[in-house]
Amino acid sequence: MIPTIPTPRALRVIWTGYVALFFVYLVLPLAVVAVFAFNDSQFPSLPWQGFTLDWFFGKTAPKIGVFHERSILGAIATSAIVGACVAVLSVAVGTSNAFLFNRYKFRGRGVLYVLMLLPLVVPGIVLGISILVFSSTVANGLWDTAKIDAVFLRPGLVLVVLGQFSFITTIATLVISARLQKFDQSLEEAALNLGANRLTAVRTITIPFLMPAIVGAGVVAFLMSFENFNTTLMLVGSDAPLTIAMFDRLKEGSTPLLNAVSLLLMLGSSLLALTLIAFQKRS
Amino acid sequence: MTSAPDLECTALTRRFGETLAVDDVSFSVPAGSFFSILGPSGCGKTTIMRMIAGFLEPTSGDIAIKGRSVLDVPPNKRPVNMVFQHLALFPMMNIEGNIGYGLRRAGMSKADIARKVDEVLERIGLPGIGKRKVDELSGGQRQRIAIARCMVLEPDVLLLDEPLGALDLKLRERMKIELKSLQAAFDTTFVYITHDQSEALVMSDRIAVMNKGRFEQVGTGQDLYYRPETSFVASFVGDSNRWRGTVERVEGGTAQLRTDTGLTMRAAAKGGAAKGAAVDIFVRPEAIRIGRDAADLAQFDNQLSGTVGSLLFNGAASRIIVTSDETGGELEVTLPQSGEFADLTRGAPIHIGWSAAQANCFAAGEG
Amino acid sequence: DTLRLLTWGGYAPDNVIAKFEEETGHKVEVTMSNNEEMIAKLRATGGGGFDLAQPSQDRIEGPQKEFGIYKPLDMSQIKTELFTPSMLEATKKNSTVDGEIYAVPHIWGTSGLIVNTAEADGVKDYTDLCDPSLEGKVSYRLKRPTLIGFAFSMGLDPFEAYGDEAAYTEIMEQVEQKLIECKPVVKTYWSGGDELLNLVRSGEVVAAMAWDTGGWKLNSDNADINFVAPTSGALGWIDTFVLPAKGKSDQAAYDYINFVMQPEIAAMITESAGNFTASKGADEFASDELKAQYQGSFPAEAVDNIKWYPPVPAGLEAIEGGILDRVKAAQ
Amino acid sequence: MAASARLGFILLLMPLLLWLTLLIIIPHVDMLMLSLRERVGVGEYETSIANYKTVLTEPLYMRTFMRTAVMSILATLITLLIAFPVSYYIAKMVRGRARSVLFLLCLIPFWVSELVRTFGWMILLRETGVISQFLQWSGLVSGPVEMLYNDAAIMTGLVYTSMLFMVVPLVTTLDSLDDAVIEAGYDLGGSGWSVMREIVIPHAVPGIVSGCIVVFMLSLGNYLTPTMLGGKDSLWFTEMIYSQFIVRFNWELGAAFGFMLLFASSFIIWAMLRLTGQTLERTMG
Amino acid sequence: MTSAPDLECTALTRRFGETLAVDDVSFSVPAGSFFSILGPSGCGKTTIMRMIAGFLEPTSGDIAIKGRSVLDVPPNKRPVNMVFQHLALFPMMNIEGNIGYGLRRAGMSKADIARKVDEVLERIGLPGIGKRKVDELSGGQRQRIAIARCMVLEPDVLLLDEPLGALDLKLRERMKIELKSLQAAFDTTFVYITHDQSEALVMSDRIAVMNKGRFEQVGTGQDLYYRPETSFVASFVGDSNRWRGTVERVEGGTAQLRTDTGLTMRAAAKGGAAKGAAVDIFVRPEAIRIGRDAADLAQFDNQLSGTVGSLLFNGAASRIIVTSDETGGELEVTLPQSGEFADLTRGAPIHIGWSAAQANCFAAGEG
């Protein structure tokens, strides 16, 4: 049960075996995705046709590798841009929210807090359509009344960013709030007491304290944006982020090209996560 | 008086909604002295300190430093600094960064800051630790850094809010003595708040005992301990045997009392202890003498025979609990340090006595 | 300028795009889609977001009347001489709304059957896909062409009923019955052309309703597999060029149309998409193999039997949608 | 000072209000209004509850709706059952480095998108896929087996995708249970099972609830897993929303569907919170 | 002896990898007595306790309860119960649930459980709080519930692992006395561990002083305080002035010493203090007498004149720091409770003296 309590050996063995199986279950799908990126076949499946790097570096059809596939590279860039925008926006608003809820007691705070949590329990697709409906209403209204064509209110990257931002901000707020709650406010008072004004105190003391959470929230926001599908699906316009582009491809049939992209994604996010862990350890 | 006191509070009052946290408190602290405010949790100590530091506005009253009112001065401009209860050292900076923080805010040059920081580290006996991180220091060292961080700004008054609260017992004992000598070294006015009477007694020049937002008594440690003026002070400062009782007779400064438990005794009447009044009576365990024979104690105004109920051996601070034969009431009595009664056993008959002057009685309070 | 092109998979191969960019200096962004999603996207954007789209010719009049998502073509900008006249005329006719022309043809082809004759020799018509002996080895799309195809092979004429919602509903309900009955035989409903090809190539699927071009591609690898025109007739479609209402680079769009209709370029597209184009004379450049496959699949009577889609009147899609959902949900 | 505090308050309040009103509240209100609109002719609309009537009277929609809800609840329960022993193992049975390594391992699958994870399952489960080939090779089956395109495949995928969101809150709450409390349970005569039932599980309730809420939400709102792994056999509610919006151009009905989904998820989450005496702030915040 | 002791540990040893946490410890605790293990943090106290409770297996040695070895008995079957440092009350149950937990596990009927719970709540002076939640109780009340939860099971031995550690000072003082009377009331064997000497001294019948995994001395509080057998015990139990020094001469039980600071003194030689040996010397502040005149102290073996360095007023526990005229070294001296020297001022000349018997010296340890 816990190491200090004598437990029957059999139970211990069964339990450990179960956990081992669980990890096999976790790893298996990713492992096959990774492995078949190197299969020299048009279809990510057995039999093994031999090892190839064509799905990464191939230049000629049908085996055009990721690094020569313009549309995939473009989609990665789009995803990165969207992710960066979402990360910056949601961390900024999240930090502001964290300060608001942590520092001020005001009427309606409870209601606002629950409202702030709500995007977490709204299905992503509903978030997507509600934003799509609203922005279309506004855009159509502008067009009908003033013949103004508000392009940014039509499906496209702006809406994708807003749609993802609408729920990722909640997560950023929670992550940053959690750390701000651990902040000892007397540190700020100490700074005031030592001659800093309010803004300087926040800048020199509170923000450095929050930094690990801010960076953490930023990375999490970026990753979540990068892999978001449901909300994006409803809001995407002419330039699709990677998940949507891959989904469109997948509808056209699986090819090891998708395995190759997936493998790169795994490597990318592992790298990001490791950097994050290293950063958190350091501070 | 020629020079104004370093700190002077006049009729200071602060409300939080219904709560009257600080209630018409006035005091002044002469330059270079160590002033403590002693009181139980929630009595308003921190509130006073935060008003002085500028984090709270008084509801009414005035705060003057070196004779000039500071009410309109924002906290970052007041010539007072504060050592916080949990020290509030900045964990994201090293020691140098912490001590230099105030100097940087004042716009001092880098070189000057470095020099000053080294100087003050020297002064607190921790030279060369400037590059260390806060969490690489021991509790006592942090304590000193927190003080140095303030002292480097040369404040007129240093405020300390229970700075020893977080330390363990043995370290706290040591730091009491060290704090006092740091104050002497810096020669600055210290205003110290605590709920631990022994801290206040050991370190302070003067102590204010605070209760429910008001100062009950201000004086030296001896004043408070030997000459408490209120029932609260008598009970809060030092240990006492305590009874509720009524006055049966008053004669000069001495009252004849009967406790609710049935004991009769003579005590020094403080305040208006009129006949028939309900009073609180306090007798310190060390004020009670023990004898094997009633005759040994003939000189005392109050005498009692009983049996030893419990032996609370605690080295030099050993006590016994004496159960009165007459009423069954219990009294704590300190054993003499001489070890004369070390051989007492549970259930042994014993006689005790104490003088009326050592028993204080006050009009009964609610405390 | 940047040309944002909304098209089908295979219609804008990389080599063509590269050549176009090189010759005209425009940049091209390609988005792959299908009829429904093309129209949905354009509807959501009010006809913005793209500069050129390629819906089928039957999907122009209805949506345009209802949503106004296209803009009329300036025929003077288009080199009409590059088009096969009969196809150009047919498309113009089907895409004229309020006297304005909205579309010109690009690629045409048919839907029919892909059959692995070694495994499923008996499949000659759409309804043969329901043969229980093929359980777990059949696939088709769950889209309107399937409804139409099954209707024809059940001896009904859905095109005839286009104007009569009640009659159309009745036909569709019969098809629904059939498809639900057929469901246990189906392995999966495919959604993208290459997905189906993979299924057939790996042997997981032996008979399917699909586009002709896929069958020919498979035939090149495996002679057992080929496109078969169903006995009730293949369904003929023409995918077109239209200008979205709020497209911003009309010039680039016209340049693109004129560029890809050149016979040599059209042949490159045929190579990639597998289908013939409306470009006059491009067939000469097409590979002999493809021509042979086409002739193999389409004897003369089969060509005559092709059922060309008339424009879809508004409202039919709602009926079809209900049918499709019910088929999908049936257990 | 009071004035500057007030200014600060307003400055901090603005982004929150803008975000919540423009991206959450008004869009949902607008969607509600759209769902209450009926198309009566080309470009003509009027207010009515016709869309909701359609939802309630068309058995297909209700069936899909119920099916999605039931499958999501099932997926939530299965995830909980699988994750609990694992979380307990990580939180209480291993120590030190091994512990953080195991915990990190749990997170790894979630460093890639759901699409990739689902793709992995497709490669594993299909007729010519890895598992089928392995079974044939090992002689357990004689011919290829199709494991894709059925409800079991959907369940596998849903549970897989949700695992993290169950394991993390469970490990966190179980971690906060002082070992001494478990030891006290034993010391007072408890056995493994009674300690688990009376001490460990009651303590873990907030984590269980928050895990279940998130998992349920994610399953209900999932689109990729049912469409890709379920193939011909699953109509998921989100798929219907998608097809109403994208394929049918029927935004009005799609909006009504969206509202039904929102309502279902809110209701079940509310019921879950009520039953366990938790609050949203406590479990999510 | 007719009856076996309640608890007997024999040659108990426990290693953690390289660390020898408990090193060959043997002791026995007679039925109904209060036994304490006193030692600094990390010395192995908790390890012993957890072996007795069954949460750790001894590396070697035996544990017997009422004469029967319990090594093979799992923790939930051992006739001992434990009060954990942070109490480990079950927050998911109310008070009744907590106290009744063990009884439910034993399969007692509901009615009997309710009766027993009421009974024990009565006994610990908290009747009628059964329905409250754990977090609605004060620290002291929780303490008592934790004990009641164990006592209701009528264990042969109750183990307590620093149960007062989390309480504040005043409450701790009160609980010391209360714990002792609870033990008397339940008449059960208590094994108590603590690092606070005053807790151990006040409550215990016998105390084992533990250091680095070993018992240094086992005895009553008086034994430890007045007759320490090792340097570690002398320094850990009670306050002392302490020097390092060398033996210059030994005469009977008395050694002539010179401290490293230059003081000479006569002290009782404990253990093998041979000539020339390095020793630690301990003198308790209350063992030193003060006089205004050197002549007053003529009877003492050791005498010294100096000045008052600091006054540490602390009521009955007031001390002064005396700076030796000769060497400049400092000594802490307790002021007599009589208040005889209350008028001393800083810098006043003073004489002090103490007898050789009150100064203990031990072969120098590392402690």
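Labels A, B, C, D and E are assigned to the chains in the order they are written; within every chain, residues are numbered from 1.
Convention: a residue touches a chain if its C-beta (ideal position, glycine included) is under 8 Å from a C-beta of that chain, and two chains touch if they have at least 3 such contacts.
According to UniProt, the chain labels map to these proteins: A, D = ABC transporter permease; B, E = ABC transporter ATP-binding protein.
Keep in mind that this is a model prediction, so the values were computed, not measured.
Steps from chain B to chain C, taking the shortest chain of touch contacts, total 2. Think of each touching pair as a link: the shortest run of links from chain B to chain D (ABC transporter permease) has 2 of them. Set against the Cα centre of chain B, the chain with the most distant centre is C. Centroids of chain A (ABC transporter permease) and chain E (each the mean of its C-alpha atoms) stand 56 Å apart. Per-chain CA centroids place chain C at a distance of 37 Å from chain D (ABC transporter permease). Chain C and chain E have CA centres that are 91 Å apart.
Taking each chain's centre as the mean of its C-alpha atoms, chain A (ABC transporter permease) lies 16 Å from chain D (ABC transporter permease).
Among the residues of chain E, those in touch with two or more other chains are 54-55, 74-75.
Residue positions 126, 128, 183, 186, 245 of chain D (ABC transporter permease) each touch two or more of the other chains. Chain contacts: chain A (ABC transporter permease) has residues 4-5, 45, 132, 250, 254 touching two or more partner chains. Interchain contacts (touch definition given at top) occur between A-B, A-C, A-D, A-E, B-E, C-D, D-E. Here chain E touches chain B in the complex through residues 169, 177, 180, 196-198, 201-202, 220-222, 225-226, 237-239, 284-286, 310, 312-317, 334, 336-337, 339, 342, going by the rule given at the top. Contact residues of chain C toward chain A (ABC transporter permease) in the complex are 4, 6, 9, 14, 29-33, 41, 44-46, 48-50, 191-198, 201-202, 246. On the chain A (ABC transporter permease) side of its complex with chain E, the touching residues are 4-6. Residues of chain D (ABC transporter permease) touching chain A (ABC transporter permease) in their complex: 4, 8-9, 11-13, 15-16, 19-20, 23-28, 30-31, 34, 82, 85-86, 89-90, 92-93, 95, 102, 104-109, 111-117, 119-124, 126, 128-130, 133, 160, 163, 179, 182-183, 186, 192, 195-196, 213-214, 217, 220-224, 228, 238, 241-242, 245, 251, 254-255, 258, 261-262, 265-266, 269, 280-281, 284-285.
Contacts from chain D (ABC transporter permease) toward chain E in the complex involve residues 178, 180-181, 183-191, 194, 198-199, 202-203.
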